[in-house]
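You will see chain A twice below: alongside chain B first, and alongside chain C after that.
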Partner chain A sequence: MTLIYAGLSIGAVYALVAIGYNIVFIASHSFNFAQAQLMMIGAFVAYAGYVTFKLPLVAVLALAMVVVAAIAALEERIAIRPVSDHQTQLITTLGFGTVLTGVAQLIWGTQPKEVRVGVEPLSVLGGRTVPIEIALVVLAIALVVAINIYTRRRMGGLALVAMSQDEEAATLRGVDVRKLAFAAFAVTGLLAGLMGAVMAPRTFAITTLGTALALKGFVALAIGGFGSMWGGLIGGFTIGLVEQLVGRYLETRLDAHLSNLSIFVVLLLVLMIKPTGLFGRVQERTV
Partner chain B sequence: MLALWAAVRKVPTWVFPAVVGLVVLVLPSLQPAYEVTRQIQLTLILALVVSGLNISLGYSGQLAIGQVAMYAAGAYTAGLLSSAGHTDLLLQIAAAGLAALVVGIVTGIPGLRLGSWSLAMTSFFLVLLVPDIVELFAEETGGHLGLATIMPPTIFGQALPDDAMYYVIAVVTIIWFAVFRNVVASRHGIAFQVLKQSPVLASSVGMSVFRTKLTGYAIGAVPAGFAGALLANLDLFVTPEAFSFHMATGTLAASILGGSVSVYGAIFGASVVEFGNNQSSSFAEYALVFFGAFLLIGGVLLRGGVAGLLRTGIRRLDRAAGIWPRPAPALAAGGDPATLPPIEGGALEVKDVAKAFGGNQALRGVSLRAEPGKVTALIGPNGSGKTTLLNLICGFYRRDTGTITVAGSSIDGASPHRIARLGVARTFQTPLIPPGVSVAEVVISGRYTSDRAGFLSAVLRSPKFRRVRRRDLARAEEVLSLVGLAHLFDIEAATLPLGQRRMLEVARALAREPKVLLLDEAASGLDEAEVETLATVIRRIRDAGCAVILVEHNFGLVLSLADHIVVLARGGVLAEGSPAEIESDVRVRDEYLGIVEPGDEPTDEGSATVPERTAR
Partner chain C sequence: MKRRLGLLVGLATVGSLMMTACGGNGEEPQDGGSAPYKIMISAGSDAGAQTDQLTTGVLAARAAVKVVNDAGGINGKPVELIESPDNADPQKALSNLRAQIAKDKPNAYVVASGSNVSAAVAGILRQNEIIFLDSGNAADTNKPADNPYAFHLAAPFKTVVEGYLPEFEKNGWKKIGVLHGNSAYAKQFGALAQQVFTEKGYETTVVEYDSKALDMTAQIQAVQAKNPDVLVFNGYGGPVGLVLKGITKLGWNVPILGDTSVTSTPLVTTNPPDGLIGTPETKNLKIEVTRSVNAATASDATKKAVDTMASMGEIKASLNNCLNYDAVMLLTTAANHAKSNDTKAVAEALLLPEVNTKANTAVYDTYPYTADNHQPQLPVDTHTFVAPGVLKNGQIGN
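This part shows the complex of A and B:
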């Protein structure tokens, strides 16, 4: 069971990345490669706030959210808005993400930074876990539920979905598309800051985190389908569990780092068998 | 000054890079410092990897960006061969190229079925996997400590002297760039750019999207393999750390900085990135920031990279010196610009075709026949099924029932590019013109599959290739004169106004002498004079023998041009006949033209009452 908890909690992290991808995808039909790097910055800010400046927990979370939201807003302005086609957007967001990684390296160096939240391990249902692991899973599920409610029941959310379906029509109905896309991006940053801060105790704050999360988060997205929140959640949990199980049972036997390979195999399987993902409402552009 | 420029431009452009290549070869005799030769060697190796990226990303427009994984595959293949005793360098280079080819094609497979993001992420993921795979086979590859059992290279059994690697690297790079340049500066380069612009366009001119993409991945992978083999033999050591994500980002940055759609831009970008890499370790900390900045700036501002800037600058100087655009080529003696040589047209027969999208029955039992040497017009209100029918004929949709034949051959289940090769050509509502190619090149792209010259003959510039090229240019002149664009032969096609781009599409469609020509709302957006020109051109095409199908909203144009009109409404054929018959058909007026005045006499037989309606 300990394995299951570990798998679910790291899976929640991947799911959080996928959620971030999904929000941006729903809002502006673009793919933000820097999503995971934004979360990484959130983790580092949490480290700075909690360990370096010894701020209280709530202040740390708030700080992470605000800082990353500001960075995300900057990214929208310089890497997404000026660029119209999607191929180039991948490159500019990759560039922005790389800059973030580079800056993080300059400020905090390349060693992992531990964010010790100092809580005792628990024993739940026969497996050992730490509260932060439970918090991650709860956060991921809560966010998905909240976002689904927002996009279905609230005007802002409906406007967002309308915008992603047909930008022109949305504009004609009075939706300020630019502002909404910008706001969506800033909110993604807010959430990324929160997610990064919460995941820091589990994953540590390391600069190499960004890329691995970006790629595995994409696998979660591919499994669940572009644009589907629940899909991203399920996808994330799936690969988290696969990673842990492979690590425990196969790696010790073959003495090699197989978890990445296993996730890659999952990615290939999904792309070959069901390219739109389990719940994909939106087909990824093929032309 | 400009006269000097004009003189310089008379020299063929390949001479300048050739001179640079010569300088590189001759450099060691000047006894430069070790750092300089090492820098050059590393730059050339990186340039090979970046050139692969330019082919798949820049020219083909595919986000197949995992070249570093192929680089690793090449390096380890060469290293393992050497460790096993096969020290022949040429063998290693060939094997490395092959290994990279396999990796490139396998990782390209997601891109064949899916879109750019999946392809990009899959190829990046592969880069992430390199250390894991190396570790998995640690016994053979030395794991993360690196492969140190590589033996010094030999060629044909002779051991290479110490400084000979420099020459080997330089020669391989020069040869590869010559091949690269010969491929992209030929009809194959245009074909890649057509694919990049739109796979739909590529299919409609007869290109198999599948094969062209695969070719792009393959050619993009091979140089990375060569680079790997060269690296392995340069340092006699291969470690997985050389193939990190950091390296992949650097390669991408080099490609974007130099200009993805360029040949020599790869060398420039590689030299900048390698220069940065070799600076002091404090610079290395800033490396990521710089790479990221290159990507950002390159993507947002410097579209086309340094090569793009250079090209614009060269064009400006050419224009100022009066040597560009070149005057329209002289017509062959005896050729009349106003007529087209005869085309063997074919009849298009649509029998009882139906198509439904979910619950929406777009076409119900439609039949029509378009004869060669005649203009058949297809008109009807929006939503009547015209576009669906067009897309069915071109193969982009599958029909539910019925048959469609072109010159007697059924197009049953054929893919769009096969149908195009059967002789069906079309234009698009919004002209699909790739950027960065000239008007003549757009027309030439239309004949890419009707007159073939393979990659090998393009690389070697064989006599067959030259013959095909002459035919390409001759046909381009011919059809461009017909549509009145001959004076724009060299102009960049994407800069033309709408009316001229429409005519250019017609010219491209004619390039391969189609049996059937489908014109999709070719007159929309044109002013009166342009519509007149279009009508004249269509008449000439008809007189040459082609079967012309005109999908139009401009009723006046249809009346003056068509030999036979088919009116579609709500998925079925409402009426068909000659222009005179259709013009006076009450049902057509009712459904499509809208105005039925109360005083009009019903001219149609059997119509009991003529309802009063206001104009729609």
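This part shows the complex of A and C:
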């Protein structure tokens, strides 16, 4: 059970990155490659709030959300809006992520920072875990449920889906596409701040976090299917569990990369069977 | 007229040759003229996760240069430290070294972080007959047959690994678990630990983890399943915290011996809230230190080095990263002993016990090199194990 808990909790972290990618993808059909770095900043803001300023936990979460939302809004203005095509946005967001890593290094240094919340071990159903691992899994599932409800039942959410399906048609129906894309970016930042703050006690706040998360978050999304929140969640959990099980039972001293390799084997298998990912949909248009 | 001119030229030539031959005496250096002794260092201010190691290594070299120059320099001439702002990037380091050789060839070269730069520059240093004191311990800088002017500074892996044996014996541990990362250093550590411990009759289980991973539960459980008496653990930076947290989460109550790279991680040498000293994560942890890192066992030469460095800047990493202090002291003693700045003469002098045991070095007391092995043959008690403590000025217990 311990391995299952560990796999699900680290999988939840990958899923949270994938959720961030997905929101921007749905809104603008581009990828925000700075998403993992935004979460890294969230982790550092949590460290500053909790350790440096000794703020209460709720205030720390709020601070992380506000700061990262502001940074994400800035990113939309300087790395997304001035760039017309999505391919170039991949480069500009990647560059923005690199800048964020550099700034974090300058402010907080290169060594890991401890955010000691919810790390007291406990036994659950014969396995060992810590409260923050459970919180991460709950947060990831709750976010996916909330986003799904929002996109199906609220006008803003429906407008977002309309925009993702056909930007021109959505504009003709009165949706302010530019404003909505900006809002999606800011909301992604808000969530990245929350995710980073919750993740920090599990992973430490460290500048290499962005690099460590970016690729696996993307693979989680590819396994689950681009545009699908449930897909991102299942993809994240799949990666986390595969990593742990391979690391425990198949890996030998000679190849610590086997667990990484196994993730890509799973990705290949999924894409061979279902090229759009587990929950991805093919959009068909009559011409 | 032509005969007189020829006679004059001939006399002038013979005269100048005689003056050159008589100019030197036994007390003066045979070369170098009025030029300073030039030591080039791979330096900078940002090497990512290795920044603290880099800046500390540079500070150590600067401090040693100050000490040497205050004492009169090398063969009566000042020492000049040429800093290459390459941030431990091998390509930049190589490019800067080439440019420096073209402009003004340095007498010696040192590195401040990791072995990547060492591996990149070793060849060109060999070609240009520049002495190389390598704190990165690159694979090809300790073999005189390949490179007669290159010497390792850091303790050989074997010395580091054999340092565990007295601890095993003292505590009666028979089953050893080894958990290590997958960097080049960590892989060598793991391989040698398995070889040495197994040869000595210990039942050894070795498991490697991915240093970039964010969870090591699976790998920790793989070692735990073998129920070892003690866990030998290698890691640097974030992975150190992740492994210690993982062990605590599993409730695994096992003695842990961290290697010197664990010691270099500020997380285990800093008090909460930034660090883990006094937390359940470090309850069973002991870290491997050289006698110089332990303030209680440090020599007078170490104290002098620490005081000088502290007066010039912040010592951010452990004293293990100050091998360049020793490099400058060794070069000085060797060149002064040889009464020459010539690379071959300095390299030969470094092999002499009267040089490598009396250089007032800070990290290790001696650097016993031999003609066929340019690794310092350090005694087995070079390292000890201490409980994690606050690292101040590169030392624990300061």
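Assume the second predicted complex is superposed on the first by the 268 of 287 C-alpha atoms of A that agree within 3 Å, B and C clash if a C-alpha of one lies under 4 Å from a C-alpha of the other, contacts with A are read in each partner's own complex, and residues count from 1 in each chain.
The rule is simple: a residue touches a chain if its C-beta (ideal position, glycine included) is under 8 Å from a C-beta of that chain, and two chains touch if they have at least 3 such contacts.
Note that the structure is predicted; figures quoted are calculated from it, not measured.
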Chain C versus chain B on the shared chain A, clash or fit after superposition: clash
First (chain B), second (chain C), both or neither touched by A:112: second
Contacts of A:257 with chain B and chain C, given as first, second, both or neither: both
Touching partner for A:203 - first (chain B), second (chain C), both, neither: second
Touched partner set for A:244, first chain B, second chain C, both or neither: second
Partner chain in contact with A:3 - chain B first, chain C second, else both or neither: second
Which of chain B and chain C A:171 touches, first, second, both or neither: neither
Which superposed partner A:148 touches (first chain B, second chain C, both, neither): neither
First (chain B), second (chain C), both or neither touched by A:82: first
First (chain B), second (chain C), both or neither touched by A:129: second
Contacts on chain A seen with chain B and repeated with chain C across the two complexes: 105, 211-212, 254, 256-257, 260
For the chain B and chain A complex, residues of the former touching the latter: 61, 63, 110, 113-118, 120-122, 124-126, 128-129, 131-133, 135-136, 138, 198-200, 245, 249, 252-253, 256, 285-300, 303
Contact set on chain A toward chain B in their complex: 31, 78-79, 82-83, 86-92, 94-103, 105-106, 211-212, 215, 218-219, 222, 254, 256-258, 260-261, 264, 267-268, 271-272, 275, 284-287
Chain A-facing residues of chain C, complex: 46, 48-52, 181-182, 190, 194, 206-210, 212-219, 221-222, 237-238, 240-242, 245, 248-251, 265-267, 272-276, 279
Touching residues (chain side chain A, partner chain C) in the complex: 2-3, 6, 9-10, 13, 51, 105, 109-114, 116, 119, 121, 128-130, 202-204, 206-209, 211-213, 240, 243-248, 251, 253-257, 259-260
